[in-house]
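Shared chain: chain A. Partners: chain B in the first complex, chain C in the second.
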Partner chain A sequence: MRPPARAGAPSTDPAAQQLRRPPALVRRCRAAWRITRALLGSQYALMLEYRAEIVLWALSGLMPLLMYSLWSGAPAGAAAGLSPQQFARYFLAALVVRQFTVVWVVYAFEEDNLLGRLSPLLLQPLPLIWRYVAAHLAEQLTRLPFVAGMALVFVALVPAALPPADPLRLLLALLAMHLGFWISFLIQYAITMLCFWNERASALERLLTIPILFLSGLLAPLDVFPAAVRNLALHTPFPAILYLPAQLASGGPIAAGAVFANGLFWLALLVPLNMLLWKAGIRRYAAMGA
Partner chain B sequence: MALLAAARRHLCTLRRFWSSSLAAQMEYRINLLIELLAVLGSLAGSVFTLSLFYGHGQQLGGWSWESALVVLGLHTLMDGVASTLLRPNLGELVKQVQNGSLDFVLLKPIDSQVWVSLRTWSPWGLPEIALGVILALLGTIRSGARPHPTALLLALVMVASGVLILYSLWFMLAATSIWFVKVWNATEVLRSLLGVGRYPVAAYPPGLRLLFTTLLPIAFLTTVPAEALLGRAEPLWMLASVLVASLALAASRLLWQQALRHYTSASS
Partner chain C sequence: MPIIHCQGLGRTYRVADKQPGLAGTLRHFVRRRERLIEAVRQLSFTIEPGEIVGFLGPNGAGKTTTLKMLSGLIHPTSGSLQVAGHQPARRDAAFLRLITLVMGQKQQLIWDLPPLDSLAVNAAVYGIPDAVARRRIEELASMLELGPELRRPVRKLSLGQRMKAELLAALLHEPSLLFLDEPTLGLDVNAQAAVRAFLADYNRRTGATVLLTSHYMGDITALCPRVLLIHGGSLFHDGSLEALSQRLAPWREVRLELADPLPADRFAGFGELEHCEGRSVRLLVERQRLTETVGRLLAECPVLDLEVQEPPLEETIGRLFHAREETA
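Now for the complex of A and B:
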């Protein structure tokens, strides 16, 4: 027989204590939220220190504006059935998407590895990848005002570039852009994992930038590619990084469902690949100098 | 006489520098393979992107496909020069300012601008230079231009002033690190801007064309040398190219002297 616990009195009954504490799932969610906030907050503060550098990076992203100026005047664009307005909308979207899908984890990881900073980070009870993800997201946050400024300049120069006012589609494009960031991040993270085997994996990254540059749709929308090349490109993960979200935002003839199906397909491949590489790589890890 | 002796001393020192940096670079031979693949891949991508402008018999800014290839070849050449000399040296300059080792450079009995600009070189840019030259010559021959020796000589002068302009722009940007310390990214911005030179300047709208011939003289890096190679450069443009090159070089010299006057070494 157990006496009923009086309300307000501290209970010594373990079962009752269990009841008063929030369920395990809620506790874990709260902990995850605290970690997320701390990571993002500290990384954001870190990134604010490099504001000037980030402005310069953002400036180098003006490439789509130059490509627009080439394509809008080129007769080849009209022959491919795209109007100057479509080019303007596409390249404005490309400018924005590009800024939020840029990934540099391989350089950060390589430096951490070479300088021996990796060991203390590995001891923390937090998978390493989240630290880098947080750094990227924080950097995107610092980029936001500059990207907005560049987009405004683009629209001021080329008013036709304003995307069609379709809030749902724009929202979907934002989501697709974020999906593109994850694909781009995981591709580079897979290369980063090769740092465990070779300290200079960033040289391989240089090879990776080539298909990203030419197949993602940064220099020309895939619609002007010859059909065979376009098909080939659409079977790689690279259009998901830029072309597909940009098409979605600029009102191109593309179904949102297809964009997300494609993105999720690549994620389904990249996530296990990264987990495998991480598991195999971490076993080979020996701190620098050891 | 004194000038000649100084020049000889500088050349002799440079030879030593370059052979030692070659020996150091040869440790990373696998880089050669990666670099070759990267150069071939990006050249193939550039040619493909250029070809998109030429489907169905269209032209880009009044340039035929073959002559546009000459421009692309010269761009590849300039990019190769940047990877061979500019990026290794001027990237180092930014680092030296950051950690204060520029002090030791300034103490050496050699012109400091020569030292920071030519101290080392990277052989991995050479394939790019070679490919660029081949593409430019191929385009010239295919476009039906029969370059006679004077045209070739003029083209060589134009390429030389293009290289000097490129060097001066890059050097001035790197030299600002003495004031701003962190400008590594600024040179990356410059690199992406040089991408403009992949296409003939005439393909851009008038406003940008003006920008690329005056404030950012990218037209002189690729378009003007290409015209010289094709034997259709206007003397006025060639004169302008030489003039801009000398002005840019003089400006880089002045800026460096100004910068050194402001140099206070790291942590002071």
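Now for the complex of A and C:
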């Protein structure tokens, strides 16, 4: 005979326990949140260990500021119908967006692969990609104060660069910037998967430097390019990494819906591409150095 | 029912074949040559739940490659493999929760952070509730004699402390199948003994199955009632260490201290003479003839002291592999 349950004591009846358990979806969400917190927490702690290095990286992203100083006196902007204020706003936005869409997963993955650090991670029940995503997000969090400082200096030097006070548009720009990060990350992750075929996939990644420089809007807003080049650029994923979110943030002539539609289109292509490459590549993994 | 069942397992690697020097580099650049290396071939064995099995073999024998296949890190190129009812190469989450792979030279702990940070991540990844994780960390830390070390950055720990922390991280989810590749590599004698005692205790407490490779025979003799000896990717022996010793070294070493020196030819009928200098003599005698030979030595020679020893197993295995390589 089963002993009576003590008043107030938790029931040991499995059926009662089953009833008390939250639904599977809730449990999964909680588990995912816990993993996210743990990964971000540990990666943030790790990034703080490297804060000096991160300041240097952040400073190396000052190109939009330099480009602004070059373009501010040039007639091409006026010819393209951009006012000096629009230029200033665009480059301030580009400075910030660039800082939060820069990715380095190919270098981290390649090093982990060559040094045999990948193996223990592959044996844990968590897809490897999330560790690298967490590392990037933690690094962005570490950059935040330095980027804020740089943006303040930019605004102090060029007050006209201050974006229009439209909270909704700024929020949408923030989301577009994050979408840009994912597109940038997935482009590089697809190249990273080539580490399974060639140990030095980062060399291939360097081939992307030129298209990113020109087609993402890092050197100049795409509006100043000839129509043919601009059209070509808009048919690639690169504007979504910088130009589109920066235009949105700076109050440029662009609709938020178009920015998100474009971003989601590239995501829809890049996610399955990465899944395919992972599936094919992991079969070739030889656990080098481990 | 076996927890590990592999049949005709094989793994071939494709490696670049480059000659040294500038000419070799240029030739390799223009026309890349590759060759196939058969790291494991036709390997078949089973392991029952709860067993501790030692995996022996010289460098390049295929031990680590086999462990990588068993844990699902790499895909076999031939044969069939079932581990705890799963195909390891699929690496599904249910399988990964059952196993752990510890590699003596590699680490999963985050180098610049204290082990506790990595343990928190592992607890979340394996879905271990916080209270349970805390209790397990306390228990394992006490067994491994780890305390404040868990709060120091991993890079500041000694090799022994780091290895213990690695073991703790690898066992936090209480795996029932442990693949250990040189877990005592580079550790001092005390740390080696501590790790061995811990592994034996873990096996006793949890009934976990352990497959262990080690270059230290002490690890094998202390932990493994059964050994698998592989050489050139193939299985050479599957059984007890004692049986291996019988098979590889069917002789005993007899050391004599004589009252007066005797000429070397005087020992011709007793066995294989290894050393004869002054009053000190060393002979190899067949096991079956040991009692009779010792009796004759005592009766026919002026023996002051006599000692019978089993030749060290490492030495015997080394000699065997050397002989096989020379005949190959």
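By definition in this document, the second predicted complex is superposed on the first by the 275 of 290 C-alpha atoms of A that agree within 3 Å, B and C clash if a C-alpha of one lies under 4 Å from a C-alpha of the other, contacts with A are read in each partner's own complex, and residues count from 1 in each chain.
Note that contacts are C-beta pairs under 8 Å (C-beta built on N, C-alpha and C of every residue); 3 or more make two chains touch, one makes a residue touch a chain.
In this text, all values refer to a predicted model and were calculated from it rather than measured experimentally.
Applying the stated contact rule after C-alpha superposition, one finds that A:253 touches neither chain B nor chain C. Of the two partner chains placed around the shared chain by superposition, chain C is the only one that A:285 touches, whereas chain B remains out of contact.
In the superposition on chain A, A:45 makes contact with chain C only, while chain B stays out of contact range.
In the superposition on chain A, contact is made by A:123 with chain C only, not with chain B. Applying the stated contact rule after C-alpha superposition, one finds that A:60 touches chain B and leaves chain C untouched. Residue contacts after overlaying the shared chain place A:35 against chain C, while chain B stays out of touching range. Looking at the complex, you find that chain A touches chain B at residues 52-53, 56-57, 59-60, 63, 66, 69-70, 72-76, 79-80, 200, 203-204, 206-207, 210-211, 213-214, 219-220, 224-226, 229.
Chain C makes touch with chain A in their complex at residues 13, 68, 71-75, 89, 91, 93, 96-97, 99-101, 103, 105-108, 110, 112-113, 117-118, 120-127. By the touch rule above, chain B contacts chain A in their complex via residues 28, 30-31, 34, 37-38, 41-42, 45, 48-49, 52-56, 58-61, 180, 182, 184-186, 188-189, 191-193, 195-196, 199, 203-205, 208. For chain A in complex with chain C, the residues that touch the partner chain are 31, 34-35, 37-39, 41-42, 45-46, 49-50, 116-117, 119-126, 283, 285-287, 289-290.
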